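Shared between the two complexes below is chain A, which pairs with chain B and chain C, respectively.
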Partner chain A sequence: MKKQYAFLVDTERCIGCFTCAMACRNYYHQVEGVVWRQVYPLSEEIYPHRERAFLSLACNHCENPACLNVCPVEAYTKREEDGVVVHHQEKCIGCGNCIRSCPYGAPKYNPVEKRAEKCSLCHERLDAGLNPACVQACPTDALQLIDLAEFERTNEVQYPAGYPRMEELNPSTRFVLPKTPKMVRR
Partner chain B sequence: MQSMELPLVVFTVFSQAAIGVTVMRAVRTTADGAGAEDHGARREWGLIAGLMVFGMLGSLFHLGHPLSAPTALNHLGTAWLSREVLFAGMFTGVTVLAVLVAGITGKPALAWLGTLLGLGVIVSAGMTYAPPALPALDNGLPFAFFLTSAVILGAGFGSWFAGGGRAPLMARIFTTALVVGLVLNLAAPWIWLSGGTVMRMTGQAWLGSAFYWAHVLVLLGCLGVVWKTRTIPAWLPVLALMGELAGRAGFFADTIHTAANMGGLY
Partner chain C sequence: MTAKKCTFSRRRFLQGAAAAGAAAMLPCSLLVPGKAEAAVFSEGDYQTFRNACPRNCYDTCSIKTYVRDGVVRFIEGAPESTFTDGGLCVKGYAYTRRPYSPDRVKYPMVQDGRRSGKWRRVSWDEALDMIAKKMLKLKEEDGSLLGLGMTKYSGNFGITNYGVEGMMSSLGYTTRFVGTPCWPAGIDAQNYDMGNMWCNDPEDMVKAKYVIVWGANPAWCSVHSMKYIMEAKRRGAKVVVVDPVFTQTAAKGDVYWQPKTASDGALALGMARHILDKGLVDEDFVRNYGLGFDEFADYLRNNVTVEWAAEQSGIPVKDIMEVAEEFATADPATIWIGYGMQRHTNGGASVRSIDALVAMTGNVGKEGGGARYGHLQTWGFNYHALIQKQPEGSKGFVGGAAKGEFDFTSGSGASYTDRTVNINKTAQAILDTTDPDIRMLWVSCKNPFAQDFDRPKLEKAFDKLEMVVTVDQFFNETVANSDIVLPVTTLFEEWTVNVSYWHYWLSVNEQAIKPMFETKSNIEIAAALSKKMNELAPGSCTFPQEIDTKEWMEKEFNQSIYDMFAINDWTDLRNGPAKARLKSSAAWSDHKFATPSGKYEFKSELCAQNGHKALPEFKAGRERYDKFRLLTPHTKFGLHSQFVNLDWMHEYDKEPYIYMHPKAAAEKGIGDLDMVRVFNKVGEQKARVKLTDNVAEDCLLMYEAWFGRGNAYNVQNLVDDESADMGAFKAGAPGVAIHDQFANVERA
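Let's turn to the complex of A and B:
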């Protein structure tokens, strides 16, 4: 398998503090209302415990990206060297087709630029040997950068509850599921 | 409710009306031999070109950067939107050419070429608006909705140009398309209610939407009028157009995106 960078989201460790999402904002200063990384609480149907569990999600850098396939102006590319899906905003004409098509809601409309934008996995930081801003900021190590080509599978899943199953796209993000809490009785 | 996407409503409905009138023109003028009952060709092509150009101009308002619209042809390899733009551009070209060269009788070859390109527009639009992120529409439904709109509006407006001999044919096609449109629109949301969460949310949104019911009522009303009068009164296609516009606004506004339920059960 070719190199494919991906996010590993450890929902057992995630405390829903939004530091990852804030780090992304601090780094890129998106205009108001535009969010590249979002922390979604799991609904009670999925995780009925007071501790609560979260999915921290941005673009999944899919193997077969819907955004790239539907974009009429070729504003998306998937990097050969590491599988990162990059949006080239200067080419975008703001048709919104990627926004309508990505099942994970990763591309967002920037009303000031009148173009789409999304997480491009901090590829400039990767090229400089650094971690993405969100991964670097996570205080619990719940968010990590992995290379699926070398990643040794243990208990991770690709499609946890609360996340759309899209086999044709083959999203790269992997998840560690939250454990059921132990009841302690005195 | 998501965005109503007014420019897309205008583009899809007006282009489908133009394509429908072209298809009906091809059918009518060749129904019993080339050129049969073919008069007022320039006026009819004028309407077709007018509808199409209006739709194309409307679509530009949807773009953040309308001046770069021609670059939308860059990704014909996988993007159905690029293919839609290509077919729509070629179809517009044929309609304008037809206005210029049409005499009193018109040229059936142009109507058939327009029909072919118009079907290309409808197929590629059907694919464009059927993305994986909209489970209720990630299937043949957008194509079926678009084709029905084209035939309803085509037969409706086409009746303006059909002589007495061809008027009953237009009324029959109009009626059949109305029935198909009604069945599709009445069945789809109820079927979605038995699907996954996002499909169910879409079904509920459609059934609770004024756009949806306005569309259904207009389809029913048109059917009632044709049934009663056995003809298509000149004002009826305009009412049908209003209905299709309302239905299309609901199509964009009330269809739920998978991202709306992130963290919930799918």
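Let's turn to the complex of A and C:
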């Protein structure tokens, strides 16, 4: 397998603190309403306590990205060296095809530029030997950067409950499922 | 322009404004780029500065700031600090937006009519002229400056910000709001038991074999501490979380206990009794380093049973026994005592019970153990900005006055003192204080309308004041109740220095950018006021009239700080934060306690002399006065009223909610996300409801915050100023029973 960088979201460690999301905004200054990384609380059907387990999600940098496949102007490329899906905004014509076709909602419409944009996996930081801003920020190492080619599977899942199963795209993000403590209530 | 430069486009917005001065004058809206793309990262493209988060938070993060063209581009946690470890928190990362927020107070402004919203811009000279003339008038009419009150607390813990107190002293003897809404009952409790409040290095929690997090929520309020708890767990420690709310921290533990609110003392004593019965007491510790353990044991045998504790707390007997035995046999074992559990009318007594539980198992003074609450071990600065002399001939208060918990001054032989009133009864103090009345109020580093209790009464109290001057960064509700607002610098715009009351790191805060608009730091404001006062009445203010914030920051350092942190000079901190050299990561590792007996005092005569029980006896909580208990703890998106108002934060936290148990809601015909009205004897507050069993059936939970942008949400509409049992001994005034509040709810 070729090198494929991916986010590992360990929901057992995740405290839903939104630090990753704000670290992204701190680094990229997205315009109002544009969110590259969001922290979603799991519904109570999946985790039995409201807003106590989360999925931190950004672009999945899929093996076979829908955004890249539907783009009429080749504004998307997938990096040979590490599988990062890059959006080249200078080529983007703002047609919205990528936004409509990504089942994970990663590309967003920038109303100021009138073009799309999405998580870059901080590829320029990777090139400088640094972690993505969100990964560096995570206080509990719940968000990690992994290479699927080398990653040894243990208890990770690709499609946790509530997350769209899109085998054709083969999204790269992997998840560790949350646990609940023993509850002693009055 | 090279191809590489093109990818810089997210920050191209300032290419035309290379000069820092020009950048600083740009309207804030221009400081948001139209485009966000991956950025080339090369540290050499930036100037880097050292900053430190000065908010009232356990973590007091060390920040590395990246500046280009005089503009803060992004920040990150200092990699040198093992505590911060290269990261910040959701609030910290929002800082990049803070100096450039379009909602900032940019200029001195005068409001024609409080709460009228009719603000007009004035010059610094005009604003200070109005203020100085009023001060001189007070002095002339009252014969002293006691009619001038100052309320300041924890909005900025940068050491130089004690210059606000210094400015007041340099004007004369004034009225000070002393005490703390935060942690005073627990401070007193730990002082009775151990002679000081002193906690282990949080980083040594990884060594603990058993961790009880009791009434603290580090997952929200100390995110960097969570990695140590998680690492301890990974190494086999059991983590028990005790909280009336199923918090995010509780969700990460092995065991969650939801006791009845304010039953913590009973629960701890029940555990203590079981440990006694099982013969698991650390005899070496209680005999050699403890005082009064036999009396405590007698108290337990005669007054406490596990069954009684179970009844008081709602935690079953078998669970109390199990955790007590596990805690007593794990070595080391630790309890993190949160500030939440002492905000009760029995809070100090409860903390003493938990301290005793930790001590009787020999875990006080042990690495990886400890009754962790907080510390001020690294706060040995010169307090140069704080210590100022009153003008010759100043008249002041005669009689006993209290000192606040961050007052490091030694007693003076002056015949006059400042007049002190209880910060936790701000409204009542303004209404009741006479001879002379508090006629003018100076507010800085504080948002009383978001923090002080009984907001409806506070509005009445402010209406009694003849002039209110507020120094702030944003147009918050306190500013709305003021006559004059003075714009103050953010951490990026001033020099200062910061330490923590939890970890042991020291960070310098450099001026990374020039002050935006017409902002001044608190000490610069003091100097400007001094100049004006002396213009109008020579000799009326002793504060220096010209200051350099960097020089003043330097004046806070001394040899003992250098020795403690193993640095030669404060400038060494520009290479990164430094950690105190500790002979042990454990507090009280030599078992020499600072109590009158030099021992751990299970029985404290001092405590008895101050009106409490000598032993950590059970004390019942406040009586219920309405249907539901109302809890108003911190939100993860803000620190008290700070951060929540920033547009960046608003992306992730759009509106406030009330959290309620589904069963209780069903009884009231309330559905998820309905708009409800919470009301009690103090006032009312509307918000949307979220139904969740994270809270008990008889509980309502509202996170404390100030939203701004026309949203008047304020939990202080529902919280009265009832005092906690302790706090007066060390903090100057009793704490406040923030979590002993009750209310009812209905569909709005």
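The definition used in the following text is that the second predicted complex is superposed on the first by the 181 of 186 C-alpha atoms of A that agree within 3 Å, B and C clash if a C-alpha of one lies under 4 Å from a C-alpha of the other, contacts with A are read in each partner's own complex, and residues count from 1 in each chain.
Rule of thumb we're sticking to: a residue touches a chain if its C-beta (ideal position, glycine included) is under 8 Å from a C-beta of that chain, and two chains touch if they have at least 3 such contacts.
Computed from a predicted structure; not experimentally measured.
Trainee: For A:Glu113, decide between first (touching chain B), second (touching chain C), both and neither.
Mentor: Both partners, chain B and chain C.
Trainee: Who does A:Gly162 touch here: chain B (first), chain C (second), both, or neither?
Mentor: Touch partner of A:Gly162: chain B, not chain C.
Trainee: Who touches more of chain A, chain B or chain C?
Mentor: Result: the larger residue contact count on chain A belongs to C.
Trainee: Can you list the residues of chain A that meet both chain B and chain C?
Mentor: After superposing on chain A, chain A residues 38, 113 contact both chain B and chain C.
Trainee: Within their complex, state which residues of chain B touch chain A.
Mentor: On the chain B side, the touching residues are 62-66, 68-69, 71-75, 78-82, 85, 128-129, 131-134, 257-260, 262-266.
Trainee: Residues of chain A touching chain C in their complex?
Mentor: So the residues of chain A touching chain C come out as 13, 15-19, 21-23, 25-36, 38-39, 49-53, 86-87, 89-90, 110, 112-113, 117, 120-125, 127-128, 130, 133, 136-141, 178, 180-186.
Trainee: List the residues on chain C that touch chain A in their complex, please.
Mentor: Going through chain C, the ones touching chain A are 6-7, 9-11, 32-42, 74-77, 85-91, 93-96, 219-220, 223-224, 226-227, 230, 241, 246, 248-260, 313-316, 319, 636-637, 647-649, 651-652, 690-694, 696.
Trainee: Which part of chain A faces chain B closely enough to touch in the complex?
Mentor: Going through chain A, the ones touching chain B are 38, 40-43, 45-46, 54-55, 57, 66, 68-74, 91-97, 100-105, 109, 113-115, 161-166, 168-169.
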